[in-house]
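Both complexes below contain chain A, partnered by chain B and then by chain C.
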Partner chain A sequence: MQPRIFHLHALSALHCGVGQAADVVDLPIARARATHLPIVPGSSLRGVLRAQMEGDPQREPDVPALFGPREIGGAADAFAGALAVGDAHLLLLPVRSLAGIVCYATSPFILRRYRQDLIRAGQAAPPLPNEPREGQARVVPDSVNRQDGVLFLEDLDLPAQEDPALRAWAAWIGQAVHPDDADAQTDLVTRFALLPDNIMHYLAETATEIRTRIAIDPATGTVKRGALWYEENLPAESVLWGVQALSRSNRQGDDRDAGALAACLPDEELLQLGGKAGVGRGLVRLLRREVSA
Partner chain B sequence: MRQSAVPQSGGAGAAADVVGAARPSRTLSLTPLAPIIVRSGRPFDGWTGVDPARFPPPSTLAGCLRTAWARAQGVGFPLAPDAESAAASAARLTGLALAGPLLLRGSTVLLPKPADALYFGHGRQARCVRAEPRPFDTGCGADLPEGLLPVQLSRPVEGKPGPGPSWWAWQDWLDFRRGEEGEVTHAELQQRGWSPPAGDRRTHVAIDRDRQAAVEGRLFQTEGLEFASDPSDAAAGTFGDEPLRLLARCAEPLGAALVTLGGERRLAAMTPEPESAWPQPPDGWFEDIVRAGGLSLTLVTPAVFAAGYLPGWLDADRAPPDSVFDATSPPRPRLHLRAATVDRWQPHSGWDLARQQPRPTRKLVPAGATYWFALAGDAEPEALRGLWLASVCDDEQDRRDGFGLALPAPWTPVADSN
Partner chain C sequence: MSAGNPRSLDLRSHRVARAAYARVEARKADEQRKKYGALVHKLPGMILQNGLAQTTGFLLAKAQKEPHAYAVLEDLVDVLTRSGSSTIQGGATGLHQRVIAADLNETLLLTRRALEAAGWMKRYVQGVLRIDATGTAEGDDAA
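Here is the complex of A and B:
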């Protein structure tokens, strides 16, 4: 199968939920079972991408080959879609910073997995940077978040060491997320930080966006009894990555190979992903352009 | 003596670094990129409940690798539209022999817990106790088939069965089979082994494209098995960095590729490994078997036998079948079954791609089942070599699919009575 890396860039808070939970947060976001890091399930992205293409008369004829038949009457009608979409994993978490407003945080574990996937997709990724020391952070030399040698993230103060080697990764991700916007790339690079895994784990649990919602009773104009709930979101500007793979078409009479089918998929697309679209959640850019080394 | 029979190969990271350039190999690892969904095919409803997340059976892996091989060759897949060509393609695909899956953590092979190892107690009191074939005490008996010995605990144990790892590190498995009682503690087995975590359950809805709302009645859940780092590491605030991989062997060499594995077209990264990554027998292993006059065969993948838990070849010439991987297998040894320990059967089905219909449900003998044999007549060590990780299933297609891989180990037969 032909692999390709995709990135998701959240333009608004993103809520890909798991249904309800009996916890403090009523509507938590989906997380990986093993790492508990936020994910966007591949099935969510695949469904939204399909719906988007079905709504476009020019692209609609390609939908069955990519995604499979919408309805299956029997075994004779069935065939597998050529597109397999993996889960999207958190790459950069925007975290509130005392200096520079926001910091784009990642960790060695995340970069290592990201790099493995890049290599699987045939891309020449930069070498892994040195890991930060326990309780410390590494930032690019001209970081706007570093103040007096310290990074203040949420309620954490982390001594921050400058590391020129981080610039290659920050520039790589900047190019993937903002391919045609040099200012946005610079903005991302100067706010890039590498945190120890345990601190990243803590922030991915506690620094997501929790929004409190209520429902108003139209008759009284006041809060409905019991209608108070909490929703968790990935904050706007979060960046995720995932792997997709294409095979040749499995549809009878359609001989297109993976390369031909790849041309049917957009390099960049604005999607509405996850729940709570009516209140502005889930505006996401899907980016599939390869980064030149 | 603790001697590793598995040479060091690259860890997960090292394997990934060379994924594009690695030469095709018959030994392969698969790194699942998401929780893998495998069901048994057993019907379920509100009363019987669904199956829990399941370790991929050999047939799932066989389907995955045969598809990868067919795609790499550019022939025979998807199956041709006319029946004759489709049948020829299907025959070519199903003729490709596979073995596995085993597990890899870094460069360490993991094997299913032998059924003759039992856990008792909890916490610090937890221990692993061996069960072994022993004659009945005087005045005792059971309705076992004629000639079979009961499998009894090797020492008296008080207390109730407890939890423990369901996969063991290769070296621990070897030590257990060597009979080094007390060498491996429960804590060590736990630390070096693996227990599948609770399933990754996801709730899905279907969206009506006109209304952009959930379709009534289209709410469903899937449960996948997580192969990434140990969740206990995540609880401690770190993520771990050694994802588990599936280890397999294929009759034809395959290169690095992304493949789909199990349901929902979840992705896995296939990486060629050195041939030596496949477990090799320790020095003098088969000589030890001949000296002992008997052997145990422990299943490391589930098996299908014509006679339930018993291999059908025991009723024929009592010689295990030839290896599907080695056309020059030496003459097979003849074996006399003395005892067996087998856990509860597992239901198994699947989708027949060639016939476009579900396969009939069958009962699998679970991995870990152990059979003890006395060598019937003289046997040469070379004759036993063909049993190493060979399939002992009765049906040739089951052997090609990788069911019933068994590991022989020395065992000294015991007398029928005290």
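Here is the complex of A and C:
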């Protein structure tokens, strides 16, 4: 089994939902049960990636080995796909900031899990930064979000301490998400902030994007009866990470190993993920390039 | 097991649900129930989008001319208090004052508690009053 880290970069608001819910939002996004942090289910990603590759005549022949057969006539036709795709977890949440427009927030809990996955995937990773004090944030020394020593996020005014050690993480993620774009990497670094876990958790629950939707009755030109609802989205510019694992091909007559199959997967792919595609949701970049330490 | 006793060994969600059920059911005969119901539907979204301070301030500002806005705020206070989620003195105004005086940790807690209470109120507006998000009651003519 060959594990590898992937990243998702949301180019538009992303609605990977769980259907209608008895919750404060009518159509909430998927969240991990234990942490309540947003996730993109691996099944969503795997299905979309499969569909994308099936639509490309050059890549279509590799699809069965990677994803398994589309239809199974009997036991003789059945084999498991070589590609396993894990859930994608929230790494950076873009949060409204008084200075610098937007801040990319993460927390020690999230970085710790990310680092563990990086190490499991055989990658070196920067050491964990010092945790912020209660009610305070840590930012890179040239943060564009810090004003008079304070980070103004949504309704929260957090004293922000400069921490040069954060630069390594910001640069790492910048390289993973914008491998060929030095300006975008710098942009990400200067907007990077480490928040206490409780504040990050609060923002991940309350600073997601809520869109109000209606449907118009064509006969009257007014809102259809009952047709007013609230949808939750991960904001554009959110960054998530997950683990993909490849094994050798299980298809009869195909003796490719994990390394050979890895070459069939794109290093970068533009995908439409989740629901509400017709109203512009779910445009993401899937990135699989490894970051050099 | 008292509904208002936070130490009772029942689930917090059940305490909130009981308190919300009682308040929403009491609005059945209210003349303003459709407007009340439509506003309750919006309440969780308002808290998420604007924050608890803005939301309670907005409802207070509307309260003088729109009694249903005051009713929503009153019920929110009552659900928070009776469920043991938070002790609010001074009714609707007291909640707003408490919110704007809150420190960071209390703000995080109050917001989550208010969202939980608003979520249950919304459920019972749908399930008990049978009022949808556009303020239409079940059985009304489609027009």
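Just so it is clear, the second predicted complex is superposed on the first by the 293 of 293 C-alpha atoms of A that agree within 3 Å, B and C clash if a C-alpha of one lies under 4 Å from a C-alpha of the other, contacts with A are read in each partner's own complex, and residues count from 1 in each chain.
Here is the rule we use: contacts are C-beta pairs under 8 Å (C-beta built on N, C-alpha and C of every residue); 3 or more make two chains touch, one makes a residue touch a chain.
Keep in mind that this is a model prediction, so the values were computed, not measured.
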| item | value |
| --- | --- |
| Side-by-side fit of chain B and chain C on chain A, or clash | fit |
| Partner chain in contact with A:R112 - chain B first, chain C second, else both or neither | first |
| Touching partner for A:V24 - first (chain B), second (chain C), both, neither | second |
| Partner chain in contact with A:Y202 - chain B first, chain C second, else both or neither | both |
| Broader residue contact with chain A after superposition on the shared chain, chain B or chain C | B |
| Which of chain B and chain C A:L228 touches, first, second, both or neither | second |
| First, second, both or neither for A:D87, with chain B first and chain C second | first |
| Chain B versus chain C as contact partner of A:E154, first or second or both or neither | second |
| Lowest inter-chain C-alpha distance for chain C and chain B in the superposed arrangement, angstrom | 6 |
| Chain A positions touched by chain B in one structure and by chain C in the second | 198, 202 |
| Contacting residues of chain A [partner chain C, same complex] | 22-25, 135, 154-156, 198-199, 202, 205-206, 208, 210, 212, 223, 225-230 |
| Complex contacts: residues of chain B adjacent to chain A | 12-13, 16-17, 19-20, 33-35, 71, 78, 81, 197-200, 202-204, 207, 209, 212, 224, 226, 228-231, 234, 237-241, 256-260, 264-267, 269, 356-357 |
| Residue ranges of chain A in contact with chain B within the complex | 1, 3, 18-19, 30, 32-37, 41-43, 47, 51, 54-55, 75-76, 78-81, 84, 86-87, 109, 112, 115-117, 119-120, 122, 197-198, 201-202, 243, 245, 247-248, 250, 252, 277 |
| Chain C - residues contacting chain A, complex | 41, 44-45, 47-49, 51, 53, 104-105, 107-108, 111-112, 115-116, 118-119, 122-123, 132-134, 136, 142 |
